[in-house]
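There are structures below to look over.
Two complexes are shown next, each including chain A; its partner changes from chain B in the first to chain C in the second.
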Partner chain A sequence: MSENQFDYVKPKFLNEALDIISKSVNPFILAGGTDLIDMIKEGIVQPDMVVDLKGIEQFNQITFKNDILTIGAGVTFSQLIVSKVIKDNFPIIAELSRTVASVGIRNRATMIGNICSAVPCMDSGPLLTSYEAMIILAGPKGERKVSAENWFINSRKTAIEKGEIVTGISIPYPGKHAGCFVKLGRYEGEDLAQVNLVILALSDGNFRVSFGSVAPVPVRAKKIENLINGKTISHTLIEDAFNIIEEEIKPITDIRASKEYRMHMAKIMFERGLNAALSRLNGAGPEYGISVI
Partner chain B sequence: MKKEINFILNGEKVNLEVAPGEILLEVLRDKLGVKSPKCGCNKGDCGTCTVMLNGKTVRSCLVLAIEVNDQEVVTLEGIMHSGLTPLQESFLKHNSFQCGFCAPGMILSATELLGKNPKPEKREIQEAIAGNLCRCTGYSPVIDAIIDLTN
Partner chain C sequence: MEESKYVGKSTVRIDGKAKISGAAKFIEDIDFGADLLYAEVVESKFAHAIINSIDTSEAEKFPGVVKVVTGKEFPYRFGLYMHDRYIFAQDRVRFVGEQIAAVIARTPAAARKAAKLVKVDYTELPNVLNVEDALKKDTFLLHPELGNYQHVPWFFPKPDTNISHLRKVRKGDAEKAFKEADFVFEDTYTVPRYAHCAIEVHGTIGLFDNSERLTVWTASQSPYTQRHLFAEALSPLGLTHKDVRVITPFVGGGFGGKAGVSMEIIGAALATTVKGRPVKVLWSRAQEFYNTYQRQGLTCRIKVGVNKDGKIIAMDNTLYWDAGAYVEYGANVVNAAGLSASGPYNIPNVKIDSYCVYTNLPPGGPYRGFGYSEFLFGLESHMNEIAKNINIDPVQFRRINAIREGDILNYGGKMNPNGLIEAIDKVAEAIDWGKKEYSDDPNKAIGKGIALFWKAPAMPPNASSSAFLKFNEDASLNIMISGMEIGQGLLTVMAQIAAEVLSVPPEKIRVETPDTDRNPYEWQTVASHVTWGCGRAVERAAIDAREQIFDLIERALGKERSSLYLQDECVKSKKDIEFSLPLKDFIINGIMKEDGTYRGGPIIGRGMFMPEFSSALSDPETSQGGKPNVHYTVGASAIKIEIDRQTGKMTIPKAVLAIDVGRALNPNLIKGQITGGLLQGIATVLYEDMRYSDKGKLLNASFSDYKIPTAMDIPAEVVSIIIETPQPDGPSGARGMGEHTMIPAAPMIANAVEDALGIRIKSMPVTAEKIALSMINENIKADIINS
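Presenting the complex of A and B:
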């Protein structure tokens, strides 16, 4: 039996939650719990107070208004998979969500939890940098927003400050677009990423490319974007992009893969993801959810 | 520090006191005597502790017992009140399990899938049980049993 001594509250309103965390020594926010409860059991964190956000109704919502998609702090990956507004406007989010762990985890785990844990292999990171998303925080001084690019500071380190709660993520609709999420695991089925990648193909001929799991934080590969934006994608252009990938990402060797393998596969994933995103933009290509590797 | 919680477990009201640090899996097994959820990896990877929380499968090793206050929990015991379900009959027919340790979780995951999608494709079945690890018979007879039921 767990020996952890902490208090637990499940407030109904955000102000109540902020008030509780301001009065606690080492408060932790609980959404899906798939990271936090494991960390508590392992003794990695020792909260004196656990604040469960699931009682706050507004956090449970996905809304799309004035070309801004807002994902609340309590929205699970399972909700993202079945959401019609996401399927119709941001199918890459559903494509990505379907690869996160397994059903029993996705039924609890949230995208906001994923980016607050901010482990380098998280799937949501490259998605949010490619979409130029904003992380919305509430704190003692009111609301503030941080761009996804500035949110991730290091492995497991984000721009959140003491006393703050992430209330949601806002994602601006980049106009008609297509994209591809590519994830390399050791096997089919649930696994953490060795490399992951989000490519968006916008209808103005521009691209957005972000890699995950190949550096402490997600990498928005702007040099690659500058190379390919507005151009017809040819074999030579992709070869040039491969050279830039070597400069843009810095994979490491760990228990899941060697840095050489990661670098090699990042190139293959980029080429296939780019081709899939372009075909999808033209109404063809593999259906969303079909892996291109 | 103990707090009173009330929830529905397999159709019946349950009331008990728990410390906020107590894990649902341990409370179900050790305090309430519900033994179908098992402790395998104890960190959410293996799926042997699967239970349904408000109709959705979750890892009970990663749920605080206090979180299920006012919620509904169903374990394998709860879906077989009137004997084996057709899904379980199909698992029996296909000799889908050997040691049976993964079976409660596997059955709940398949039950959730069939509730949402009565005619899943093989790929969807594989995806639905991807978080339930089996170390004996392999997955083929499990998948065969689910496919058989949907035909």
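Presenting the complex of A and C:
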């Protein structure tokens, strides 16, 4: 149905893909295509070449070696939901993946595509900043890695450079830990987050907290982490954290929610997410996948 | 109640197999071959502007383009109840997205690309985007020609204003009664615009063949009304009704959005410009939102006078409808709501003013509920507030004031038989009314809400239905009607009605979707009237066939006519127990006499129904005099919700709806309507609304930001309660019930929120966000009071 014509290739090897990209004027990478196809249809982007990564076999793998989880560029959210490695070691990734769009979309859409589109309401952003993940890129100059913290530059803008392809994400295992992903939507069906939040409770008493959809890029809330790290969570501490949330995030009003509601909900989500993560760390709390809001 | 064999049973849908197997054809399934052309519409960028010129030259040169058509080719006004719109904009556009021109091309892509090359030169005019602006003294007139528009006699436009119709009701003396009332309560409630969101978008294919007959395939609820409007609008081309044929296959959801004529006129008109080749117009999902009918927005100012004993003695309800750029259909929503805006209450003194106001937003029009959902939000919210203020239980307050059979209606007639009190009592019982419930979760509050509803079909007094019924050799039947199967189960119920009269089981009856060349007249499938109206026509067609059968038996076999009856597909006689003649033995080929000659021939029944007792003529200042409504269907609904005090999020453990359907012709189909209607209503109050920019552009023309519920959002339990107080003029006593199941949803949820949290939300939708922010404000207020 598109009015734009473009060439389409589905290479089997990374080098082949890099080569095609280097020779094209305005190439676009297709992983799941769930964002790209819409953008082409609506004329937002006009590629002359679409390079489909789904043919590159190594990209379809999830591996966990030497305490590093690697998610390939072709791995779909549905794969993340059913992966045993993830269920056993990073259950919050499955919890998050279950809230992304709908079953049909999750069967195509990839986490790497999600962070390359880098819209502010993406679900994967806060996850990767919390886990201090590295984004792995291949390009004309070879491989390089960018931290999640430095990956997101602005709304829809990442640290990717011309000619590069994201081949995967590596997530270091932070030792025994628990987490909670909280997402605010307008109903129980699939929705784009109005606020989302990842909280990790580590076994050394420290926390990682990242918000999404409340600023152009994910917000790793280090001031909050510093406030609560090593402390017993009390009502006063939560109240203090609320004050810091007001400083750390800058939600906007748009058609999906007002900034007042987003700010209010960020606090509620933080409090409930923190409690859930802590309980889970102690082997209790709500099962992964059950929303705390 | 008479013993019946087929009516009243939950017969399985006769169209079920076709739909489940994929055999059922929808408009997009029909193959028009390689000659098919595609049209893309050029749309207005502005909400209000003068068109200075249209340059189509670049578009015409684009490869694959066959023709570019503008308003110049069709300078004709048309409309259902008021001729206030054009096929393509003429010198002025009145909403963002309005069709200005169309490009016809050999492929959809060529049509789309070329449409972008059509250059329109505009001069912007001041936008009138809401009712308040539209009614200002120095406002800009959207339709300076309003005084010249042709319209039905029951509309009262106010030339030189933006008021395209004003329905006034005056019963008793409201002014005097307010002075006498112990209490007077006044408030304002607002309802935004809504979209139907049928899963199937609008589509139409027109073919003007070389003999100059026009065939139009449409996804529609109204094939005959469409044929009439096409013939009327295109009559300057020499077309007459017999030259126009409308074929309507199965429809993937209507909800009022596919009633009347909206985009279909474009396909019909364009076809006449490319003789011999079919041309297709298919709306995108975005166009489905901004260029079909929308449910109109409403601001409702309500004042009620009540005595200490809880008896309402006066009501003043002023309704301001944001009706959009064209009101050819929407003004009748305003009219219908105006006549009934007192709700199902017996109030001696009533004043209603219902204003139909032009604005530079997309045209308003029919949507399930036809205005009743909108005014009931304010009315039924207000009823709860009054009950609370005078310290009467909301259920008791409604029992005191509920309308009963014989009570005088707003326009002077008498209320039909109904089981409203029974409905109130049954829903109250089912929801455990009066029993306060508490959640296990300290963050959550549980609330219960109730709302009553009523609705009458809004139809012209002479809206008719007709039916043909023909027997086949094996005594199976084909019934031809033009009532539309839009998911409600019409085909099945029509088969049940014929089955009951003719003793032929429904599974031996096929009922067709309409083709106006073959199937007889039906006004429209709207107003929850087809079971009632079309059902009467089918019943009469069946009786007509039965009488022909008895005539034949008497004539050919000498049996006494009055002793004959039908049973198990046989003719039997009360006087001759041995006599049993299977229909299949004679129904086509007749009965052989001893000399080898035959009597009889194919039996074909015909039936027609027009409500001859109805009249839309009344005093324009009071609405007294006529009988505009054929009957009211009433009921009550109640809900239990659980709300998270912090997030405002709601879940629905239980919803109950009781409706007096007169007679449940097919209880399972009624339960389907109750579940679906409630869910549609709940969606309008919890999630949906249309948002516009300050330039009049619709901001959420997609399901990303216009949310309709998924399977995860349905109430945990829906209790359907069917009440049967027969409608004397209905088929087997049935009356309409399809729209009614959604209309109490909004106020009952608002009432449940108030019950749970003490917060009254007076504007729809009642979202989690609105509740949470109201709670914060309440807490701030409480803090100020405490400090």
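As a working rule, the second predicted complex is superposed on the first by the 292 of 293 C-alpha atoms of A that agree within 3 Å, B and C clash if a C-alpha of one lies under 4 Å from a C-alpha of the other, contacts with A are read in each partner's own complex, and residues count from 1 in each chain.
Here is the rule we use: a residue touches a chain if its C-beta (ideal position, glycine included) is under 8 Å from a C-beta of that chain, and two chains touch if they have at least 3 such contacts.
In this text, all values refer to a predicted model and were calculated from it rather than measured experimentally.
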{"item": "Contacts of A:I268 with chain B and chain C, given as first, second, both or neither", "value": "second"}
{"item": "First, second, both or neither for A:V103, with chain B first and chain C second", "value": "first"}
{"item": "Residue contacts on chain A - larger count, chain B or chain C", "value": "B"}
{"item": "Touching partner for A:R144 - first (chain B), second (chain C), both, neither", "value": "neither"}
{"item": "Contacts of A:K87 with chain B and chain C, given as first, second, both or neither", "value": "neither"}
{"item": "Touching partner for A:E190 - first (chain B), second (chain C), both, neither", "value": "both"}
{"item": "Contacts of A:K259 with chain B and chain C, given as first, second, both or neither", "value": "neither"}
{"item": "Partner chain in contact with A:G33 - chain B first, chain C second, else both or neither", "value": "first"}
{"item": "Contacts of A:K222 with chain B and chain C, given as first, second, both or neither", "value": "neither"}
{"item": "Contacts of A:I293 with chain B and chain C, given as first, second, both or neither", "value": "second"}
{"item": "Residues of chain A at both interfaces, chain B in one complex, chain C in the other", "value": "1-3, 188-190"}
{"item": "Residues on chain B engaged by chain A in the complex (per definition of touch)", "value": "1, 3, 19-23, 26, 30, 42-45, 47, 50, 53, 56-59, 62-64, 66-67, 69, 105, 109, 112-113, 126-128, 130-132"}
{"item": "Contact footprint of chain A on chain C as seen in their complex", "value": "108-109, 112-113, 644, 646-647, 649, 686-687, 691, 699-700, 704-705, 707, 709-710, 712-713, 767-769, 772-773, 776"}
{"item": "Residues of chain A touching chain B in the complex", "value": "1-8, 10, 30, 33-34, 37-38, 40-42, 50, 52, 54, 78, 98, 101-105, 107-108, 188-190"}
{"item": "Chain A to chain C touching residues, read off their complex", "value": "1-3, 186-192, 255-258, 260-261, 264-265, 268, 293"}
